[in-house]
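For reference, the structure is listed below as structure tokens.
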Amino acid sequence: MSWRRQSILSAGQFSARDLEEILNLSGKLETALKNSRNLKLLDDYVLATLFFEPSTRTRLSFEAAMHRLGGRVISAVGMQFSSLAKGETLFDTLKMVESYSDICAIRHSVEGASSLAARSIRIPVINAGDGAGEHPTQGLLDLYTIHRRGYLERPQMTVAFIGDIKYGRTIHSLVQLLSHFKVNLVFISPRELSLPEKYHDLLKRAGVSYSETEDISALREAHVGYVTRIQEERFIDHREYEKFKDAYVVDAELVGQCRKDLIVMHPLPRLTEVSTDLDAHPSAVYFEQANNGLYVRMALILGLLDINY
Amino acid sequence: MSWRRQSILSAGQFSARDLEEILNLSGKLETALKNSRNLKLLDDYVLATLFFEPSTRTRLSFEAAMHRLGGRVISAVGMQFSSLAKGETLFDTLKMVESYSDICAIRHSVEGASSLAARSIRIPVINAGDGAGEHPTQGLLDLYTIHRRGYLERPQMTVAFIGDIKYGRTIHSLVQLLSHFKVNLVFISPRELSLPEKYHDLLKRAGVSYSETEDISALREAHVGYVTRIQEERFIDHREYEKFKDAYVVDAELVGQCRKDLIVMHPLPRLTEVSTDLDAHPSAVYFEQANNGLYVRMALILGLLDINY
Amino acid sequence: MSWRRQSILSAGQFSARDLEEILNLSGKLETALKNSRNLKLLDDYVLATLFFEPSTRTRLSFEAAMHRLGGRVISAVGMQFSSLAKGETLFDTLKMVESYSDICAIRHSVEGASSLAARSIRIPVINAGDGAGEHPTQGLLDLYTIHRRGYLERPQMTVAFIGDIKYGRTIHSLVQLLSHFKVNLVFISPRELSLPEKYHDLLKRAGVSYSETEDISALREAHVGYVTRIQEERFIDHREYEKFKDAYVVDAELVGQCRKDLIVMHPLPRLTEVSTDLDAHPSAVYFEQANNGLYVRMALILGLLDINY
């Protein structure tokens, strides 16, 4: 079953062929946008962005994608202030929105909220982040960024993940997607924040070669460095947080010791884990990465609505 | 004077002929939407949704209605956080919005806010709920739902209202609308939450036959059961609330004792007063009812802007 | 260098010729809107309104301007609740929004935020108010209002500013713009809230004749009275605030003692400093002034995107 006309709930749902299609379609849309600000493919369609948990960046990315396709948007943010505060269930809210829109993107603080949504309503649902669960569209735009730089097709390519490997849902999504490709993975993190067991299993089943280390100098061998924030709220002991926060920082000095063709990625927003002294460095692709979200989300919306392009 | 080009402030403003027109126009629009997602009737028009009190469901319904007509939307939600917090009067806000839009839908916690708005500005105003006052568009979509099921035209048709008859503004709106039709009404509620005097007067003047009871088994004779939530904040004594909350619940078991052709309505969102075990039951029309809000609000927007269809 | 294709950061950036162009273009757009609700000049463009500090009125004005030009809008309000709360810098947010939109309007509580934005991203930035800094589009719509009434071209024309001359950023913007024209200025305020030194310097350099007084009766000689609110938070001593608040009130009685052709302006929202008994008086132009914001902001958006009209 193709990814088209489905819901997008997890990075684990895609086949290698699905990913190839999504990467190709994203690339075609990126090219098309160079010649036109509005592709006018979805004049009659309405996207609902339902953000029970706020995330301005992700929401605006979906909404811009819909506008660049010629579509329309209705939006609800921070519904904890509204009827949900009165005890309404997510299910009832979704049933009401179902007839108002043709496709919806949902962000919710509870893992599994998007899956519940997809089972409840007839229109396609895109998981725009569900708690500690997944954030598959972020994973896809990360993959597109690696592909767009020509790295996905390289032999012997190494991706290093740095930071919170345990809780970082964008890492979890990207690891699942990369398992379809011939890559080496290196996970660099404090032991307390290392890769969960289920991803060990997944990588072994997929035959992906990978290693784990606490030493950030392992970045030196990597083609791609994917940095994430170590979140203070994960630690009971504040001093532990301070220690790790300062240890896993990627800056111009460290990048100077790495491969010349290293690219540094970050899902943004960042705190101090990627130094601003890297922003103008050719290795820094995190702003390009954020921009790529536009093309990938356009591709996903088109595909789910089964519009050919 | 026709309802067209006016403001919509109260369910009491409509004549029987107005209602016939609105029901017909809503039906035409529902049919048209089956063939087209965007009717492109209002390409040049802007709707302002001004929700001083949040209500995601109602706001999205108005905004989707405008988009499906081809129009545009500007929106302000929770203005207590903005300039109103600085002491600005509703009047000044409205004067500013007046030139930015062609029609506006207003929700406010204070009864009469929409009437004040309609007197203050030249564009049509739709009351999207004003405190303990009215919610006429909900009443109209409820009426459309009964009509759409063919029940409004039945002889000897009985509508049972269950729950908070005293404060339920959607009930007050629907009772006024139903008084133009040949129906019997049954009000089922704890005595403390029974029908206010002014609606007794209205029903007597209109010659509508009705009765009141505390016994939920009166639902057995009804063709339509309209359930509303009993709100905790109406009770000083929490135990009283708990007692009533559990007594007025419509579930599959109760519906099994009722007429086979009973339809169960609810303005949503619900808590426990309509059991989820009813959701898949043929009697449950409350999701259909929510969807009908789209067609009715499209009809109202078109009519107020005096666009023929 | 013309104002077109630039960012709009300060009222001080405009030449006399720029202002003439903006006033003319605003006038053409006002006329065009009498014949068409949607000028369809920006079908393919997206405006991002980024309001880190809420201001419903200003935001809706920008969004309506974009819609009336045929454009599209993405919007983020109160981002303190979202990713900024996680420590994200303004810079990272802007880089992400840069590729989602073609132009953006920014409101921020910190002076200089818009200038930082304009340096960070490639798309034009409009300062929609930055803390105690500037609010140049308000200044331009104020200037347009004076022009539209034919007063800017009058010989010997006097503009009186009343209220908080020290902190009122709309006054600071308008004073800078008026310094390009042949006008007399009178500043009426408590000494504690009088004109800052830098504007004395500016007016002297520009050769503008002006005077200062604490006496509100100086309004009698003015053609234009520009009233602003005296904000309670400016005073340590609450009794001082109460005294000034009551002393600088413009009402129908005071206007009755002034020139017959006096026009009273106010950036809105007001508290008590302009009495509501003036609302229906021919001198009251503050609602017209608010409406003019639409035409001026349309002109600015068109100019920054370098669309000819």
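Here the chain labels run A, B and C in written order, and each chain numbers its own residues starting at 1.
Note that in this section a contact is a pair of C-beta atoms (placed from the backbone, for glycine too) under 8 Å apart; a residue touches a chain by one contact, two chains touch by 3 or more.
Note that the structure is predicted; figures quoted are calculated from it, not measured.
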Rotation angle, subunit A onto subunit B: superpose the C-alpha atoms of these two copies and give the value as a multiple of 5 degrees.
120
Same-site or different-site touching of subunit B by its copy subunit C, using the half cut:
different
Distance between subunit B and subunit C based on Cα centroids, please, to the nearest Å.
40
Counting only residues that touch at least two other chains, what does the list for subunit B look like?
none
Of all residues in subunit A, those that touch subunit B in their complex
43-46, 48, 72, 74, 76, 79, 81-83, 86-89, 91-93, 95-102
Tell me, which parts of subunit B touch subunit A in their complex?
36-38, 54-57, 59-61, 63-64, 67-68, 73, 78, 268-271, 276, 287, 290-291, 294
